[in-house]
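Same chain, two partners: chain A is paired with chain B first, then with chain C.
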Partner chain A sequence: MAIRELKVCLLGDTGVGKSSIVCRFVQDHFDHNISPTIGASFLTKTVPCGNELHKFLIWDTAGQERFHSLAPMYYRGSAAAVIVYDITKLDSFQTLKKWVKELKEHGPEDIVVAIAGNKNDLGDIREVPMKEAKEFAESIAAIFIETSARNAVNVEELFQKISKQIPPLENAEVDSNESFKLTRQPAPSTRRCC
Partner chain B sequence: MAAEDLPSEFDVVILGTGLAESVVAAACSRVGQRVLHLDRRSHYAAAWASFTFNGLLSWIQQHHEESLPEAAPDWSSLLQEGEELIYLSGSDSGFIANLQVFCYTSEEDEEEEAAPPADTTEEEKSDNKTDEEEVEKQEEKLEEEEQEEKLEEEEKQEKLEEEQKEEPDEVRRRTSNPVALKLIESLNASHLVQSQTDHTQGAEPEEDQPHPSVTPSQPEPRKKISYAQLVKEGRRFNIDLVSKLLYSRGSLVDLLIQSNVSRYAEFKNVTRILTYRHGNVEQVPCSRADVFASRQLSVVEKRKLMRFLTSCMEDTEEHQAYKERPYLEFLRDQNLGENLQHFLLHSIAMATEDTPTEAGLASTRHFLRCLGRYGNTPFLFPLYGLGEIPQCFCRMCAVFGGIYCLRHSVSCLLLDSHTNRCKAVIDSRGQRISCSHFVVEDGFVGADRKKVATPTRLLSRAVLITDSSVLLSDSDQQVSIVTVPPIEAGSPAVKMVELCPSTMTCIPGTYLVHLTCQASGSAHQDLSPVVTKMFNTPDSPEQGERPSVLWCLYFNMADGSGVEVEGHDLPSNVYVCSGPDGDLGHERTIKQAEFIFHKILPDEEFCPPAPNPEDIIYDGESSTATGEEEKQEQEEEQEEKQDEGKQEEKQEEEEQQEEEQDVETHEEEQKEEKQEASE
Partner chain C sequence: MALQGPEELGEQVEEPEDLDDQDASSISPAEEITLPPGPGGDDEPEEALLLPWDRFSAWLHCICVVGFDLELGQAVEVIYPHHSKLSEKEKTSICYLSFPDSNSGCLGDTQFCFRFRQGSNRKSSLGCFLETTDRDAPPCLKREQGHYYGYVYFRQVRDKSLKRGYFQKSLVLISKLPYVTFFHSLLKIMAPEYFEKQEPCLEAACNDIDRWPTPHPGRILTLPIMGVVIKVRIPTSYDKPGTSQLVQSAQTDSLVSIVLPTIHEVDLFRCFHPVFFHIQMLWELVLLGEALVVMAPSPAESSDTVLALVSCIAPLRYCSDFRPYFTIHDSEFKEYTTRTQAPPSVILGVTNPFFAKTLQHWPHIIRIGDMKQAGEMAKQMKVKKLKNLKTLDSKPGVYTAYKPYLNKDEEIIKQLQKGVQQKRPSAAQNAILRRYFLELTQSFIIPLERYVASLMPLQKSISPWKSPPQLRAFVQQDFMKTLEKAGPQLTSRLKGDWIGLYRHFLKSPNFDGWFRNRRKEMTQKLEALHLEALCEEDLQERIQKHTEVESVDLVLKLKDKLNQAEREQLPVRSGTLAKLRAHIEAVIQALPEDLQGILHKPATP
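Moving on, here comes the complex of A and B:
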């Protein structure tokens, strides 16, 4: 089965649970005190989708959203973006539009957008009605789902939905000068060590 | 996204997000220093930035604005006993001068309320200090205005969205361009419609941007891409202020790999080395395969060239004998013939006629060592432009806890009168932030504090958007460097880089061409003779089978090569980073960043590899959350305790796993791997 690497970038206000969602998805683990993304360039998890394997490279904001200083490089080459808000914080839903706009400005044109209302285990102090969020998501043709990273609700489903929306791989144009990542392995001809 | 105060205690505060500053930030953060990284601008990478087409137009506009000088706020009330203030220069725009824009393509857009079709060449007075300050103030004002506009925009947004629901048909009718049409359709589908449709409605402030110069349409069939289309697809451009390449075995590539920052970027090989000679663009054979495949070289020449390249890798007595004499002389005496001599001097050594043999040989060797690591030329270019590289280092810094804040500056330093060290900075909002070290971009240091400067050297730059490649070939996706020797005595040697759309720096159907040379006059004076010779512009003496220039920009920028890290009239724990220099590679900047890092942390390793993504385990024990999050998480924790104990069990199991898979051990493994690889 072919492995396809898909970059997914997370967006949303500080404290809505972006890192918790990744942590739940990748390690099926929830931690109350995670300091977001210390030392993590991105986290990866591979899931099957049809006759492909999707290897998600999930990028966290590394706190650069805190003072509105996300770099354009953060969005480069993303296949999907997950915009997270906190269902118990109306503010975090209201800024969603700003994130959508930012994504439209800097993100790739064909990016799959998913909106995740996190902390749905705290339904009793909910401030954002699900209906309203769902309608907004529909209006921008985005995936919508409410999640709870703490109780492992809908986190897998979120990424499954994304997987399904990723368009199948087109016949890659054979370009003699394709782009590549720099690695420790200098030349393709020498022995492999990694 | 509520405004929040910055934390007030750091180990290292860094002002400016250029390459050197960003590398220092990443390196310090990586070894556990608390880093605050600021930039007064709203974009990353300072003079190393890349812009979308529209972003570039705004940047040009900012440098054209004039405004009244404004006094710096007086922060002396914040002083405590035994402290002195050092004000930083409020201006960072001094590094740009002589901006000139020309548009040679047609406006050609029906719904456009035609901008005046005058050949408006905008000029700016060079090195006028008050001007620079004014521009600076104006920028601040602009930013404020922008923010206000944004607020207004939001209010308007809902209203607009409603309007747009009703209007798409009209918009469609008014748009003739199929690409734009597609764009608008997709925009309508998503209801995110803002600038583009507003543009057609003529109501968006963004679109009040300069149409810096628009000439009446030039009837020529080849010109298909209009100015309107450049603007419309502007976001797909990534136009660098600096034009450089990465040597495949240069210090930047080594650093990217060593630190694992390379994960954040992708690269393309420069596919061709070209040179301009006798009025023609020719390909320079440089790899063994090229040499043998070359049709320009005779068999004798091929043999001579191979012999020369092999022999120059080792230092011989003959080389020593020519040490102080020009490389050109050495080449002449090798009886290589005019062809080879030209290639070797201009394209391989990238030397001038006065370059001494020693330097010429050194750069020839560097060139040859870099061949074949990734491709057939020694050079790489990052996808989306050079501006990505500083951003990648910034991300690395952030990933290790560095705090980022754009549109935020340091207005002065607090000096401890006894120790003569900077103990804190005061930011542009009057907040006192303590630090042990301060790193600053050269542009923010006032001229009065700088080491007596020899007259600032300048680089001349030109950026062209053209409609085809300077040398047609089988593939239209070539990335080329073109060396242009002085076209007449006394004119500068020009380095030209031509980028194809697959580098993600320009739109299909165009090429982005960067020209760079040491300035002797204004950028236009230095570079327009080359442009009019190699491309079709209205100023070209005759229109030939050459690419046409659709749009171009000339400007001068400060050459960073003269700026020293130390020796300024500044506290001993303040380090100055220079801006980009005119070299093709990045050696000086990387060396400088490493030097500053070791000044700050003499015993720490410079940019050790970051752990692999697969090896990261979130470790709740050792990490700390701050502020709001912490509170929130504490609340959650309390609620959690009331929950069933099932999760706790799970958690314990995972913690055990974590102990086994400690990040540090992975780092060690990586080091070993690295050693193996280097062997």
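Moving on, here comes the complex of A and C:
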């Protein structure tokens, strides 16, 4: 089986749980007292997908504003971007929309975008309705999933969905209808954004 | 492992036998600190115990930003991480060496490197740990002892918003590791981002580097940096020279990952192109540690050429000082340019025209023009007489009165010339030239290796109850005699005065450095064999025949041995140290209780 290296970046507001999702995915571990990421941290995990092995080179970026300008280094060349928000913080969903916009304008053209609403174990203090987030994701043809890094809910599934949307090498030319295309022209679906 | 004779013994020194199955019971100093394991779960046990910034320090001393201040001139603007120490003198050196010396019009981005003397003797708390990782590195890739390298990425662009009209800044990596190609690639990723995004960028980069595995020879290292993964392998001294173990696969995207085929090799063909016809003479001059100066139009060209010179005698380590880029502000300027003494055994790379005058009295001067017209073939050039070197604009070439010992090898010249005519890729030309130098150096060094191996005492002369036998002395005459039958003529077709070359070499710093290193390795091997012999003895039986005082004496001696073995990482068979510890314990147990208490106390350092 061929190993394919796939660069993946995680974007999103500070404190939404980007590092926790990666930590759950790679090490199946959750730490309550995780310190803010500096720049970005890097982890890898290899998963089988069809006839290939996908080696995810995961760049888990810092959510803090002062590192915002570094983001292009991490989404440049990425096969996929996971944009994370916190379902209990409406602000973090607004930040997510900004990230979608930035990716559309400056990101790689054929990047697979996944939207992850994290902390779904805290449903009783939810601020972002699932329906709204889901519709937004559909409007930009992005993967949508709610996750809980703490309870290990949907984290594996998130990356499986990404894997499935990565076109296999042999027929790289074949366009999957589901795959999200970012183009420099404003797509009609963006009217919902911001 | 039975030893048959001195021949085999010499070879055992070379074997990586203890590399992988390291004695489980041997404790490196770093392991004694017990700390919860760090985030890197799949690391070596010793690596899991490293503290924050330890990994960073294993690669770099610090990162400096050097800028230009209208009032002060060049100044170190930022040192990162902020706790790193540099003396004022070192900072001054870094300032001057990080900028082009004269107004050589380096517009745009330029990369070069320099080397400077370490000011104060600062000891790293990681010292012992780093020594272990360094042990398997080839001699020319070991960590520097008294010098630092500075790897520079200099940017000079017009900027009307600035008073000076120009933006001028250098991002400089300060390290003891001679991994030129690697650090230049790293800077190529880091510096352009830094100039745009400033401090957060340095913070992110340092954070990345502090998670890297330590620079361990022989392993394939995955080094994530600012969104890209660099893959490298640091060669070991056991590698077959001239082979590369990492190959760039075709499909990789440089925004995702980069595979570096080499961490230190410069493009010899490109660097020597301007002095192409004299490469063999240059090899002799470097081998013999002659005072050499490279006068080049820019720091990039001077540092590349000096590094090419130093590396052309690989796998031999060039043991004298060398400065890929040297300026009149250097703290050693007076020492190196004085006319009251003969020029020192150093190689200097300079760009300031002032040196043409200052170093007029130097015996060998290489002048390099603009390397950009490398497509053109250098014309057949005669060696120029020194008196023809005018102070300013002299023609490119080698100015020397030196007569090479060996006859000129026309074949390599023809082969490379043909390559130029056929437009052979530069990488292929470089590979041919590198192989040529490697074979030449090996032909030269093999007779020395063989003779030195024969200085090893016989196995039967090792007695556990006597101190280890000494290596026999190096006798020049004896060595010369071996050349008749087993000289370089066995492996090289080159004719000439090989004997004269050896005679001269034996007086050079390069021989001294090489021999010291060999002697140290062989002495350690003897110590190790002695220790192994001691461990095979029945100590219990022996102490029964001796007095208490003698037993105590034995315990102290054995403890000494154990300490030495751990400190120097003696190449002992696995299990030997555990055995020795058990022996010590057994002897102590046989003594009266009051003595036991005293002997069990840890030795005061």
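Keep this in mind: the second predicted complex is superposed on the first by the 156 of 194 C-alpha atoms of A that agree within 3 Å, B and C clash if a C-alpha of one lies under 4 Å from a C-alpha of the other, contacts with A are read in each partner's own complex, and residues count from 1 in each chain.
Everything that follows uses one rule, which is that a residue touches a chain if its C-beta (ideal position, glycine included) is under 8 Å from a C-beta of that chain, and two chains touch if they have at least 3 such contacts.
The structure displayed is predicted, hence computed values, not measured ones.
Taking chain B and chain C in turn and counting the residues of chain A each one touches, the greater count comes from B.
Residue contacts after overlaying the shared chain place A:7 against chain C, while chain B stays out of touching range. Contacts of A:77 after superposition: both chain B and chain C are touched.
When the two complexes are overlaid on their common chain A, residue A:97 makes contact with chain B while staying clear of chain C. Once chain A of one complex is fitted onto chain A of the other, the partner contacts of A:27 extend to both chain B and chain C. Note: residues 27, 38-42, 44, 57, 62, 66-67, 69, 73-74, 76-77 of chain A belong to the chain B contact set and to the chain C contact set alike, using the contact criterion stated above. Across the complex, chain B meets chain A through its residues 1-2, 4, 6, 44, 154, 157, 186, 189-192, 194, 235, 253, 256-257, 260, 262-269, 271, 372-375, 380, 383-384, 388, 391-392, 394-396, 398-401, 403-408, 475, 477-479, 502, 610-611, 613-614, 616-618, 620, 623-626, 628-630, 632-634, 636-637, 639-640, 647, 650-651, 654, 663, 673-674, 676-677. Interface residues of chain A, counted against chain B in their complex, comprise 13-15, 19, 23, 27, 29-44, 57, 62-69, 71-74, 76-77, 91, 95, 97-98, 100-101, 104-105, 109, 122, 139-141, 150, 175-187, 193-194. If you check the complex, the residues on chain A that touch chain C are 5, 7, 9, 27, 38-42, 44, 57, 59, 62, 66-67, 69-70, 73-74, 76-77.
By the touch criterion stated above, chain C contacts chain A in their complex at residues 41, 193, 196-197, 200-201, 203-205, 207-208, 211, 222, 224, 226-229, 252-257.
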